[in-house]
Amino acid sequence: MTDVDTVDIHVRVNGTSRRASVPPRLTLADFLRVNCGLTGTHLGCEHGVCGACTVLLDGEAVRACLVFAVQAHDAEVTTVEGLAGPDGELSTVQAAFREHHGLQCGFCTPGFVVSVTAFLAENPKPTDEEIREALTGNLCRCTGYQGIVNAVRAAADTAGTTVTEGPA
Amino acid sequence: MTRTVGDATYVGTRTLRVEDLRLLTGTGTYVDDVIRPGMLHACFVRSPMARARILGIDVSEASQLDGVHAVFVAQDLNPGVREQWYTLNGPDDPDTPRPPLAEGEVRFVGDPVAMVVADDRYIAEDAAELVVVDYDPLPPVVDYATALDSTESVHADRPGNLVGQLGGRPMADLEPVFENAPHVVSQTVYQQSHGPVPMETRGIVAEWAAAGGEMTIWAATQSPHEVRSFCARLLGIAEHRVRVVMRDTGGGFGQKVLPQREDMCVMLAATKLPAALKWIEDRQEHLLAAGQARHEHGEARMAFDDDGRILAATLDHVQDAGAYPTPSPVQSGVAVGMLFPGPYRIPEGTFSSRFVFSNTSGRVAYRGPWQYESMARETLLDTAARQLCLDPVELRRRNMLSRDELPTANFNGMPYDHISPRETFEQALKMLDYEAFRREQARAREQGRYLGVGTCTYVEPTAGATPFHATEGATIRIEPSGKVNVYVAGGSCGNSLETTVVQLTADALGAAIEDVSTVQGDTAVTPYGAGTGGSRSGPMTAGAIARTAGELRERILAIAAHKLEVPAEEVEFIRGRATSKRSGGAGLTLAEIADIAYYQVHALPPGVPAGLEASGRYHTPHLMIWANATHVCTCEVDVVTGEVTLLRYIVSEDCGPMINPSVVEGQIFGGTVQGIGGALYEHLAYDEDGNPVSTTFMDYLLPTATEVPVIEVGHVETPSPGPGGYKGVGEGGAIGSAPAVVNAVADALAPFGVRISRLPLTPSSIVGLLEEARARQAVTR
Amino acid sequence: MKPAPFTYHAPAGGDEAVGLLAELGEEAKAIAGGQSLVPMLALRLAAFGHLVDLRRLDELRGIERRGDGTVWIGAGTTQATVQRSDEVRAAVPLLARATPLIGHFQIRSRGTVGGSLAHADSAAEYPAVALTLDAELEALSPRGRRTIPAERFLTGMWSTALAEDELLTGVNFPVWKGRCGFAVEEFARRSGDFAIAGATVALRVDGDGRLDRCAIGLFGLGATAIRARGTEAALIGSDPAEADAEEIVRSATEGLDSVPSDLHGSAPYRTRVGAAMVTRAWRRAVQEALHG
């Protein structure tokens, strides 16, 4: 394609080792979508604002459009496809989005689900204000955020219940 | 024949969405997820100038880049156009120009000039940078508001830049009323250009099979059948040679109702290429060229008697069409004037609407495209209340229609019925506790805090019966196993149409909902339909399903009755099981009935055909189905920074009985937030040379979760005369919200004497308004 | 929206990295978190023949309390790491409070301390914090290491004192001891957007309740973050509880002569907002210094 050399990379994506020789300018988002066939990671702006492409890179939520695939060499990536159980059982966050009408067209949804998964892992008992603040890195045009905010609240409360089970 | 709402098992419940499982797990199929063998990728070379003559295009360097297959310019693609018109408007409607690629002259920044086709989008973008276009700049017509007086023409054959105009009776007719009225209030509000901006940009994949002359298209669209019709006409091939497939579309809001110029280019180019061609618009292209909406102003006037009763109203409205509107704005734009009277008792009035070309991105449809009627009317009413020293709520109470005055017609002859504006208005005010808010506002003002409340009440035609939209079909196939597939045209872009269709079908048949699945969005297998748009899907698909399922249900009952040896009237068929009191507990499952229908044809009762499959088409007898709502919003304005914080947001709406309350509320929430964006944040702005200045999401500001308040919804239920009593609900949220927000801000700033005439109400513009008001008052003193 | 092609380098150490930068010259650009650089590449507002990725430079990461009364933060340390750091929260509160204001959490996962400083956007938080706290920036080049005071580091909009072959390796933030107050206030159109204007205030009072140290920073109001040094000097020795906030604001924002102007606000509007932010930050910092 160009006279620029490709670079060999190794990335673990949703637990599977992926080796590829990629042009350096290939974004992680395009690597996941095109090279790995994981089209759940969506491109809504490609300049780091909309959040639709959010994935976990070594456990942290990042914009896959703002990371080059070569920068993910030897890293662990989790995409929206990696969140449900092996039998397709929805994760707590995914189930809460469904229960609370947290999605409509679904295009922004993978980014929200991945972001919220990371957010609740770091802050399992967020206030309502913290929830809204955490959601500002993802844009949605369908839901007016109402169902999404409710879903995150519910997911936090559900997960919280599980954690606090047993003697207090 | 059809079942009534009272029999519903699933309709009316918050059934979880069937779409969600794939969308939550990243396994949906949006157009960019479609991969075809050898697929090529397109990128457009776009004009960097608002208006210029194209003196020459040199594609030689771009063509030679490794991985580039073709670089097309206007001469390559434009002659391929056979016919170009939209079904909605028909072939004979006066249309606006729509060349695939710019020919001779570019007319806005972003105008597509050439198309590069390459192995991937990266290379296509590299090559696009190598295309050299020699431009001779011309003076652009940037401001539509002065375009009618410009000596420059956006399109040479349209001197004066007028696309078209429409209106009611002559304004002069009304002059005596205004001259003799005790009070006349008028104002002009300039609304800024903004737009649908779905999270998924535009996109299309077109694959041409030359040998058979067949085109297959995957598209991000609200109307797969319209894409098919349009493509067949464009290329001059038979409609059934074109197949259009859409599974998931990431938001439409009107932007994706019709194919645009870039789609034409991809369709035309695909016929010249050996493999499928994909074009996925990037966000910058989207903000440059996917279109604008809501860019309009109007001088609104009302005459009042001494009791604050409206005597007459007029609107002199002007709307920006941009350079290449989709479609011509005249036909749909007239709704602004027609609906301007809104839900008020106004004895007489009139309007005039003019649509004007400018060297900017073309006008497209946007959720409630006539929204300006509410903006003009509702902000005028608040201004009038201030001038007449009446509370705006009291002014509205004196003039608003209530149910017992129906049916009636507005002064333009629009016939209103089955609406409840006064009821939604009172419900919303009660939810707020309006009087308590006024007390809180007074207390806050004493502390130097500025709170405001604004309302907007509107009536809205849904499921309009244009020739294109007046029918909808459904095919229901009950498979031999008893599983049900319902086929409708689709075009769902987040409208939850799969879920509601499954609910409607399960109830109409009497099937168990888990046995019902739906197929939508593939023109090869679904009945023809206009797609999503005009808030039509609820009533229209309900009609189609009722008709089709009713026929199948009769056959199911007949087969069951025959087998159970009881009269058909005695058979109960609920949740997929047929029983009869007389058969002593014996029953038949839908699977057993289907087995008879397909495999035991000899056991069918006389006259019942084999199989369990039916198609039906609903033709609405209603010109439109009215819906209505009231939005009430409170806010606080920081008079230092100009920041507006929304405090409470209440919508009381009447969409008749709800098929799925979660879906209804989701539509209202989404539309409302788009209106909030329009009032406060979103602006497709141009500088004075016609350069767009908000072409990224850093500058085009969509509301996020922290800018949006909790939205409270109240329901009033007035059944429509249509199927199931349903009404459309897709657009209303986006109509009522911006005026309510603007009124709330104006109310908050009323102590300063602020007059709002330009949108959006950004913090800096609010500070500007405060400074203007201060200067004005200094002069008056 | 895809970046133009480039050659990728991932050097294993700082010397190798600066060697590459020296060798490749203006064709090369260092990339750390890439949260500002990659959008510019994607929009093709910028293009470089070579990107030198700092991801393998472990020596650029870390947060350490140093014996000289500073906290050293490696340039490659992510903003998310800073946000999580108890050390930063305790020893450099202004930095801790500014961090959540940077972009969104998904940006802070990648964005680095050094990246933000070296990008030097005048509306960004970290340059203002570094300037306010008189941080010292460490740089490495083939000519060796040097330390640059924040004041001299920020030379203009998106420009710094770093040479083409020089790499920011770390920042030393002085730890203010005693009765101190710190505040950062900014106004942005939406959460996470670049500030229209912002202000930082750091101050310390002596045993008599008089100011013995005071720093006021402004961001989004010029080509770089700015210190209101004249205002600060006038305040030393005064009782902050008695200070005339309006006068402080007036003097801190007067004479600003390169306030940017764009779609989101004219220069006068930004100045007005900046003044409001100074007021708010001042009050909060005083409150903290006097009452904890």
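As written, the chain order gives the labels A, B and C, with residue 1 at the start of each chain.
As a working rule, contacts are C-beta pairs under 8 Å (C-beta built on N, C-alpha and C of every residue); 3 or more make two chains touch, one makes a residue touch a chain.
These numbers come from a predicted model, not from an experiment.
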Inter-chain pair with the most contacting C-beta pairs: A-B
Reference chain B; chain at largest CA-centroid distance: C
Distance between the centres, which are taken as Cα means, of chain B and chain A, whole angstrom: 29
Rounded Å distance, chain B centre to chain C centre (Cα mean): 44
For chain B, residues contacting two or more additional chains: 122, 126, 282-283, 696, 698, 704, 706
Two or more partner chains touched - positions in chain A: 1-2, 23, 25, 46-47, 133, 136
Residues within chain C bordering two or more other chains: 1-5, 39, 43, 190-192
Of chain B, residues touching chain A in the complex: 14, 16-17, 19-30, 32-33, 66-67, 119-120, 122-123, 126, 197-201, 248-251, 253, 280, 282-283, 493-496, 662-663, 665-666, 669-674, 696-698, 702, 704-706, 708, 710-711, 733
Interfacial residue positions of chain C with respect to chain A in the complex: 1-8, 10, 31, 34-35, 38-39, 41-43, 51, 53, 55, 80, 103-107, 109-110, 190-192
In the complex, chain A residues that touch chain B: 1-2, 23, 25-26, 33, 38-47, 49-50, 52, 79-81, 83-84, 88, 90, 94, 97-99, 101, 103-110, 113, 131-133, 135-136, 138-149
Of all residues in chain B, those that touch chain C in their complex: 121-122, 125-126, 129, 282-284, 640-643, 681, 683, 685, 693-694, 696, 698-699, 701, 703-704, 706-707, 762-764, 767-768
Chain B-facing residues of chain C, complex: 1-5, 39, 43-44, 187, 189-194, 196, 262-266, 269, 272-273, 276
